[in-house]
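Just passing along the structure, written as structure tokens.
Chain nomenclature is as follows: A, B and C, assigned in order of appearance, with residue numbering initiated at 1 for each chain independently.
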Amino acid sequence: MATAAVGEPVIQMDGLSKHFRLSNNLFSSNKLIIRAVDSVSMTINRGEIVGLVGESGSGKTTLARVILGLTPPSESTVYVDGIDVAKASANDRKRLHREVAVVFQDPSGNLNPRQTALGSIMRPLRLHGASRAKAKERAREVMESIRMDDRYLHSFPHQLSGGQCQRIAIARALALNPKIMILDEPTSALDISVQAQILNLLLDIQEALSLTYLVITHDLNVIRYVSDRMAVMYLGRLMEFGPTDEILRNPRHPYTQGLLAALPVMNPKERAREKPLMTGDPGSLIELPEGCRYHPRCPRARDQCRRETPPDAAISPDHIAACFYPAD
Amino acid sequence: MSDTPAGLFLSRSLKNVNFMIGFIILLSIVLTAVFAPSIAPFNYDEPHKADRFTAPNSTYWFGTDDFGRDQFSRVVYGARITLQVAIVGTLIQVLLGVTVGLLCGFYGGAIDRILMYLTDVTWCVPGTVLALAVVTVLGKSLMNSIIAISLVNWAGYARVVRAKTMSLKNMPFIETAVAFGERRPIIMLRYILPNMVPALIVLISMNLPGTILSTATLSFLGLGSQPPSPDWGLAISQGMTYVTRCVWLGVFPGLALVYTVVGVNLLGEGLRDLLDPNIG
Amino acid sequence: MESTAREELLRLDKLSVDYPVRGGWLSAVSELSLTLFKGEIYALVGESGCGKSTVAYAVTRLLPGSERVDGGIYFEGDDLTKLSASKMEKVRGRRIGMIFQNPLDSLNPVYTAGRQISEAIALDGVSRLDARDRAVRLLRDVRMPDAEKRSRSFPHELSGGMRQRVMIAMMLSREPDLLIADEPTTALDVSIEAQILSILLDQKESRGASVLLITHNFGVVAETADRIGVMYAGELVEEGGAEDVFDRPAHPYTRLLMRALPRSSKKAGRLETIEGAVPRFTDRPRGCRFRNRCPGAMDVCAVLAPEYKTVNDGHRYRCHLERTGEA
């Protein structure tokens, strides 16, 4: 089986959409369509960490669920390691289950409350054909790789702290030797000191095993720390995508600029800086504006923005911004 | 070790008065039922022609009836029937309710709508009336009356299980399991069901008194157990005939029934405090 | 400039709160003393379980009732711990306003946003019609988009950020001297967070209100606070002016916490971590509560609780170590 070399694309999507139908009441036939993810094109390469940032309703979690095969795409598809997730054969699907792992936000909800840590880690191994003894051995191995004492294997989730639960969830994700990890707000529910431990652990694992990460978060500080490239989503669409340091230094999309301006400074002395605050709330997916989705909040919106949806314009070969009038 | 879920439950339950009293009552009934032959001085249908309608005395603690049968022995043997009703009735209800609830909650859509419609219909029809109809079709016997009562009472389980399944199925640990390839029937059985056990135990203990009383009612009406069964409901109805002359005939089986129901109720109250403060 | 005649608004004097647990008392807050002056934003920061929220609930007397409270809470001279329940109700809302993390739980689902605000205003004897007008004006003040229309919305029709704005408008309607905000932006998006924080700053600047801001987010602190108190395991371990504490954190815990914040790329090196987690104490222990996680712990730390050391006017920390180097 040919595996992708370092730098080759492992997750590819071109115009991916996921729409949900909401029927608002029993007697009316008009159905609301929620465009949770709308025409997103993105490529993630082997061995890199891509950060996906967005506010609530941006569709970032839906995008992750499509990649994980938890929900089928509505238009176009996602290729993961060359496999079309929407049309995968049973064998391919099995391969995807092994190669793509996930860690969600909620530390206690991430683990089955009725299972010990050992049970949680062993389950995917047993499911993919490991004997009981082999699975146990592997569980001890991954515990060592996440620097956690074996004795926690016999604990139930309620006996563990948030950080420990999150470590067990990471151990379970690692058990099957995945190539890709989807991390959905992996540290949002944790304290600062624990967040630092988990972020460092995730980075160490990524480097040691040359994994590919998609880190989904609303926290730009986390994105800045861990990611090589970052994607910004707003109301289901990709706004900007490119190298993290380039975007953070010089954001081109007005939304990215607004997000960065809203990010609290870490130094009281910089408090007085000029802050172009975004007005209003992140809009609602139910009442999407015409044209560019960001135009009602955009300080630079012109007529064209109210009529047409901007394409993903390339600013440099590796940097795109979906804006008619990107900043210089 | 006391930090495991079971250990924690044990240490807390010892402090819960309701639970302990209910548990002791229930235990006494179970023991009575199991050891009925050694506890009862006579067999329940053994007639003593010479001692008909004897008031309670040192030989016949609860007196005798029109055949001269020892009422104490009959009440003791009656515990076996009540236990049978409780176990078989609950088993049928839980099996039906949990299956329907899990399917509805997990799959949603058309399955959910059709099965929930069925559930709502059974829920709407007055219980005893529906049970009467079922017994009429199936014929009069204890087993049929248990089936009838169960067919009426499973809907409560289905609703609670459905609601609980819907809230559990979107938990991250379930999504993770789907992502590493767990199959859906396994998810229902290995992931969702175990997390419902506390709620189910509480629900069972709350439904049990109703099941016991309803079945006794059918027996009282002559549609359940048939003579010479020592069924408490049947015994009460037979006692009714002689209520002016021999009060004890109806009183003792009645007290036994009350004792059981109070015990199960206390146990249920206690369990609710111990396991799931959000239910009911 | 801050030193000129600061008037005291709230003073906690050796405040301790213990909760009953199996086999003893859990020490949530332990002999905490701090002073909040008029017209300042005081941020109480710490990780979960450090007792910062308990302080908020103790000041507003909204603790569950089974706890043990010692020490004094002086608000404009009155000891709040000694007020009758009915007098305390007059203090809450009128003189001390509260903003909580989850605005959906704090709003009544069956009334519109405007109605809930105007009812708060009507408590002070304003006519209903005037109250309605003022409610809409207040919603504008808290930057509610479409204030007029939104005043007729029910809480479930509003987004999280809008609900928090309604909650804040309710609290501001009676112009309390002290606002206690317990993680007011934790559940919100960053763009909304920035707006909410600027409303709090506005309150301070336009009418000299004081804010006791309870948060775990150092970014929020850096944006708003005049002074900072850092809590660890129920104790105030460091206190000082915002710039002082950020530039020259003196307590090892504060210093480590600052370095654990992701501020730059991984290329600049790994974050520093503090091993272990915040401990919970039943029965107040001897010695320093941070010692088992402290890289500089000494023998004395196990036996003797450290006294406060002063760095400069208003900047103090509680540690046996002399302050070494810069952050």
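Please note the rule applied: contacts are C-beta pairs under 8 Å (C-beta built on N, C-alpha and C of every residue); 3 or more make two chains touch, one makes a residue touch a chain.
Not measured: the values here are computed from a predicted model.
For the pairs A-C and A-B, the larger set of C-beta contacts lies at A-C. Farthest from subunit A, judged by the mean position of CA atoms in each chain, is B.
Mean C-alpha position of subunit B lies 53 Å from that of subunit C. As a whole-number value, the distance joining the C-alpha centres of subunit A and subunit C reads 32 Å. As a whole-number value, the distance joining the C-alpha centres of subunit A and subunit B reads 49 Å. Interface residues of subunit C, counted against subunit A in their complex, comprise 47-48, 143, 145, 159-162, 189-195, 197-198, 216-225, 242-243, 246, 256-257, 260-266, 270-275, 277-278.
Listing the residues of subunit A that touch subunit B in their complex gives 65, 68-70, 93-94, 97-98, 100-106, 109-114, 120, 123-124, 127-128, 156, 158-159, 169, 172-173, 176.
Listed in rising order, the residues of subunit B touching subunit A in the complex are 3-5, 171-173, 175-182, 191, 194-195, 197. Residue ranges on subunit A touching subunit C, taken from their complex, read 55-56, 161, 163, 191-197, 199-200, 203, 218, 220-222, 224-226, 244-245, 258-259, 261-271, 275, 277-282, 284.
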